[in-house]
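Before I ask anything, let me first share the structure, which is written out below as structure tokens.
Each chain carries a letter (A, B, C, D, E and F) given by its place in the written order, and its residues are counted from 1.
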Amino acid sequence: MVAAKRPVLESLRRDHIIELLGKGQRVDGRKLTEQRKLTIETNVIEKANGSARVSLGDTEVICGVKIELGTPFPDTPDKAILIVNAEVLPIASPQHEPGPPDEEVIELSRVVDRGIRESEMIDLSKLVIIPGQKVYAVFIDISVINLDGNLIEACSCAAVTALATAKMKSHELSSSGEFKQLEDIVPLPTNRLPVSITVAKIGESLLVDPSMDEESVMDARLTLTTDDDGNFCAGQKGEPGGFSIDEVFQVSENALASGKEVRELMKKVIEGAKEGKETN
Amino acid sequence: MTNLIDSAGLRNDGRKFNELRPIKLEVGILKNADGSAYIEMGKNKIIAAVYGPKEVHPRHLVRPDRAIVKCRYHMASFSTDTRKNPAPSRRETEISKIIRQSLEPALILEDYPRTAIHIWVEVLQSDGGSRCAGVTAASLALADAGINMRDIVASCAAGKVDGKVVLDLDNIEDMEGETDMPVALMPNIGEVTLFQMDGIVSPAEFKEAFELALSGCQDLYKLQKQALFTKYFGTDKPQVQEGE
Amino acid sequence: MVAAKRPVLESLRRDHIIELLGKGQRVDGRKLTEQRKLTIETNVIEKANGSARVSLGDTEVICGVKIELGTPFPDTPDKAILIVNAEVLPIASPQHEPGPPDEEVIELSRVVDRGIRESEMIDLSKLVIIPGQKVYAVFIDISVINLDGNLIEACSCAAVTALATAKMKSHELSSSGEFKQLEDIVPLPTNRLPVSITVAKIGESLLVDPSMDEESVMDARLTLTTDDDGNFCAGQKGEPGGFSIDEVFQVSENALASGKEVRELMKKVIEGAKEGKETN
Amino acid sequence: MTNLIDSAGLRNDGRKFNELRPIKLEVGILKNADGSAYIEMGKNKIIAAVYGPKEVHPRHLVRPDRAIVKCRYHMASFSTDTRKNPAPSRRETEISKIIRQSLEPALILEDYPRTAIHIWVEVLQSDGGSRCAGVTAASLALADAGINMRDIVASCAAGKVDGKVVLDLDNIEDMEGETDMPVALMPNIGEVTLFQMDGIVSPAEFKEAFELALSGCQDLYKLQKQALFTKYFGTDKPQVQEGE
Amino acid sequence: MVAAKRPVLESLRRDHIIELLGKGQRVDGRKLTEQRKLTIETNVIEKANGSARVSLGDTEVICGVKIELGTPFPDTPDKAILIVNAEVLPIASPQHEPGPPDEEVIELSRVVDRGIRESEMIDLSKLVIIPGQKVYAVFIDISVINLDGNLIEACSCAAVTALATAKMKSHELSSSGEFKQLEDIVPLPTNRLPVSITVAKIGESLLVDPSMDEESVMDARLTLTTDDDGNFCAGQKGEPGGFSIDEVFQVSENALASGKEVRELMKKVIEGAKEGKETN
Amino acid sequence: MTNLIDSAGLRNDGRKFNELRPIKLEVGILKNADGSAYIEMGKNKIIAAVYGPKEVHPRHLVRPDRAIVKCRYHMASFSTDTRKNPAPSRRETEISKIIRQSLEPALILEDYPRTAIHIWVEVLQSDGGSRCAGVTAASLALADAGINMRDIVASCAAGKVDGKVVLDLDNIEDMEGETDMPVALMPNIGEVTLFQMDGIVSPAEFKEAFELALSGCQDLYKLQKQALFTKYFGTDKPQVQEGE
């Protein structure tokens, strides 16, 4: 965004990046379909029901999941509440000062939300206590602490891992229907592991996992979320450029391939968390 | 889940899987706006208006080499089944961004340095697919305002309902169906400028739905051309009603 | 408002308008007491309980009425809720951008509200279901889509017509006092048809139904709302000028005369709506 | 509805139909303000203060040929029977505008080009008619600040209670009576600068109430002149207490 | 704050004030430990449960206390609600225009709140009607109407006096546990009289009750609240300067000494109020 | 009230009255920030970052003779036992001011005229004493950013729990104890730059608690120096763990 005010610099950087891409190269030496190093650490916030710290290259985010009691929305009396709220903290970059979320961050929250919700990773009807009256409310709060591009993948990965490792108190309803929280700790029931992969388009090239430098000159991005069965469950095109029809199909293949890699890593971390290891 | 497709393969409103809802397009309907258009698409009733190129406020947003684009997608409080709270929702904020970025690739913004182009999409009544209808109307309003464009943008969703891939979901299909995939296309350039997806599809269904949405965009493009023609060359030949 | 920044142009326009007014003429050829063409169309928003689209010259507004269930305000347990909310959409003029309502629009909402409320057009005590607990909430939302002056009359006319043609589901209370909505559709019970007429003062002249050009140079305006019995039920002076005492009386006569004309038209449209015709 | 007028024609607080509530006016009560005044009118307790002419912020509001006027009517949270939420209400926004536009005709704004005049009306305790009392006090604060004025503005309501036209409604009469008609007058110029009306009156009652309100404004004008006289010429002659 | 934009003037004023302080003198002739004249008037707002108008030199504030019914906060089901809200009205100084409270005013509210809450002046557990369901809510609203420094002391003094003289309706719970308000008026039950004293540091000098001129050049301030037993119950350092360790102890002695003086005056006023006198 | 100090004089987490919680300090942990630090102090987990000196926005805040300082203390929604509402609270606003004013005396702002220094304190997990931990970390972040400083600022609370004066209260002691007294110290200059107090203490307890807090600040100062040393001179000698 900052580069936008300096058309000459922006255009120089763009020329350089495109020139490299012409030779199939990227500024940081990666291949076009290569992701940066992904590290996932779980249970980093003991006060949260679930949490994860993810770094993707120099992008770093922390997600905390809180599970509380709530009243269902009037139009969905038999569904628990799921709220995703991402925030780019001002520590994350010189461009982000405190303030209400801008459209960029609202889109980020909503795309992460969609990936989780549409994959049916959480069965929201299972978290209802008394229909229309009392349900669990699952709050997924994500803080970006260092920004170097591809927030959708990093935030989505942190949210999914935090959910998959979240624990909560169990409850029982007395015969008279009264709610009572128990001291037993049970895992939050989850199913699949959705993974969101973003592909950037710069000039004629498509590249997986764009860094901030690459994002600053990209024409458009397309994010696709896939699930464990190799299906697609969410998608979002962003930025003021377009994709040809063939490019959309190519992105869909990238999303399946990279999604599989990331899911393998997530699975290992989640397994490890169950055994008390908190990082990969 | 209600049965949304009957044994004859017809949908809850009698349409076939590849049929658009009835569509009405009008160009130049507002006195004050520099460009405007009205669309009815099923029960959607949407006005789009364009003001500009005009002065940029605040000044620090000025781009020396191109115009900036402001866009708002906004629902009237009376546009939905239960009254919509007038405060701007996060959903409206996201859709405003999505619509803006689906139209920008078609605009030759370099022709208007140091100015702003405002695109306002007002949903008076909403049905499924209001963002697509909004893009389709806004694109006409931009043309009506005389903004230089590389192409028109036409937009339409496909999706999956009762396990079948169908075109142009209405409200019930959007709520109770499995998947919605809104798409926008620049028909002559062949570029997709809006793409979203909610809900699960296999790779084969993905392809099928995407291509069905593209064909819907091509149909809408014909209606868009005709609406502009009607406005600017005064012909009165009856509009083709898609979905008949 | 824009003219305010260009004192020379404003003063030229003002001189021209006043010169014409000196000869009893207006820029658009109307007589001082003549309204612009008024068109009313009903049932334009099928999802609303009632709706109307009104054009007054080039001013165009749409009103939608929604009738929902609500909890009464603590200080009026035996009254239904009535809320009027007007909005000048950014499509309506180059001067209106999105944002919270300014004082102009808040005044507009409140003056329309007052005309409806004080005329007792709706008997709010009849829309109570269980006193103190459950009442109907009548939301009157008005969107201005093209702006050419005299919003108070246009918005008020749209709101009154939408209310007078609104329909709602009926309900019954079971013997145990439980509320049940029925499928029967009944008209919203309304009584009178209040009409708000605005008279502008420019120099020494009084003129009915000012256009935007006239408003931009007017010294003051006075709005009076009259009812079917020839009584006054609400009033509002606006803009930074004054009226002589005699002028107030003259405005009161204008309001009665023009109010009668408008009411005749509204009645015809409302009758028509009952017979299934949706415009005049 | 309670019986607000008794068989002898006296109102709930013992007043006759054409009688003002007890009034106390003081000018120049605040140290920091350029001009200030305090009014008690029944249970209303209101401070008005004026700052200016002063610099305009933000700069784009500057008028090269005149001063701009900012005005706020504001109720303290403790001013009402049940605590008022501190957030600004739509009612306060409207009344702020109404008060500003009732005072502007009296101000010679052309004498202060490129400046701003700020008028703050703070309601410490509210009774019926606080907007009128606010105008009356603000007018004195403007005079105290030395702003050039064409005339003083005096303000007072009339209305209809239990079917009778009465002057200067208190809180109960305002709530439970039929009609309230706040009016402000420039007494020497003879112009009405504030007029509002809530509730039903016949044309004859309209005339009667309006003229009664105007006579109330004339009475208030005398008290305003006296308050200024007391402040500026130090006389200590006891204030006429209206309502005695 | 305004002076901040005029470094030369600020530094001249500062030099002058420091020069006087070097001789143990203040610009208004007071001694370093001398407070300005304090006047307290009670029952100034009849519609409030308690109220006080305080002037401290040319600083003037009005506090109104409202006692209403409310629902306790979920984490304190057996405590009444206490809310302090201070506001610097725009009439109070040329620098204050209407708007949301700035950090200065938020700190002011919170410091006044802390002095009252931590001194246990009000026993919030006594104002519970039905634990977890219905409690009294005590709203302490303070309006600053003329600003000349040391708002914390003036606002705190007004709040404490208004509380100490507040009256409320009594209530009873029926045998079935139903709440009923009675017409009997009883005093709000209060215990101690906390007094907040602020000491400013300018150069090497400490001075009690700074005026606005002194505040505009002070390096730091330290407020300590004391109670009737000679204990401390709250403290707050403000402004971007520091205190040496010895200075903190000196301030603590100032706070006890001046606090005692102020408390004597408050007691006299409160006694007077009980006897129907409303000022000192 | 639970029994917070046992018969052996040990606290709920086993500490002695004058013992700090376990502390971990790291300097330079964020890639993008000009300076950063991380602190764990009991269950507190806090990141502080510094950006600047940088351009001032909006321009009217510029000080010709010095830098201005912006500071925010902010709690993540997941940092507390029950989820914190993301909207900024009045408590956070006050603490932001308190932290800024505890650091400003240590900064040589005159060295950076016409610029701004931004200090962001992000609480990822909060325990008692998060404002003190925030000051301690922010002070390291400022040093890491290379801002000229007169001294480091170290911060720590003391208080009264079960009638005893103790150092560095944790969450339970803060909630259920009698008194909390957060203090910040410039250890070399000997000036107190943060002082707050909640709860009742006698003059003797006031002195005792204050002096205990100061000694805690001195201990923290040693850890701060070591953390900087480790970052800048690469030594790997194990950190002294206070509280052992």
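The working rule: a residue touches a chain if its C-beta (ideal position, glycine included) is under 8 Å from a C-beta of that chain, and two chains touch if they have at least 3 such contacts.
Just so we're clear, the structure is a prediction, and the values are computed from it rather than from any experiment.
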Minimal step count in the chain contact network, chain D to chain F: 2
Contacts common to chain E and chain F (chain labels): none
Label of the chain whose CA centroid is most distant from the centroid of chain A: D
Centroid spacing, where centroids are CA-atom means, of chain A and chain C in whole angstrom: 48
Whole-Å gap between the CA centroids of chain A and chain B: 28
Chain centre separation (chain D, chain E; CA means) in Å: 32
Touching two or more other chains - residue numbers and ranges from chain F: 82
Per-residue multi-chain contacts in chain C, two or more chains: none
Contact graph of the chains (line, ring, star, complete, other): ring
Order of the ring members, counted from chain B so that chain C is second: B, C, D, E, F, A
Residue numbers on chain F that touch chain E, as the complex places them: 63-65, 82, 90-91, 93-94, 96-98, 100-101, 104-105, 181, 186, 189-203, 206-207, 210, 214
Chain F residues touching chain A - in the complex, by the definition given at the top: 30-33, 36, 43, 45, 47-49, 51, 54, 72, 74, 76-83, 86, 88, 118, 120, 122, 124-126
Touching residues on chain E, where the partner in the complex is chain D: 44-48, 51, 58, 60, 62-66, 68, 85, 87, 89-94, 97-98, 139, 141, 143, 145-148
Chain B contact footprint on chain A (complex, rising order): 4, 7, 75, 103-104, 106-107, 109-110, 114, 118-120, 220, 222, 224, 227, 230-245, 248-249, 252, 256
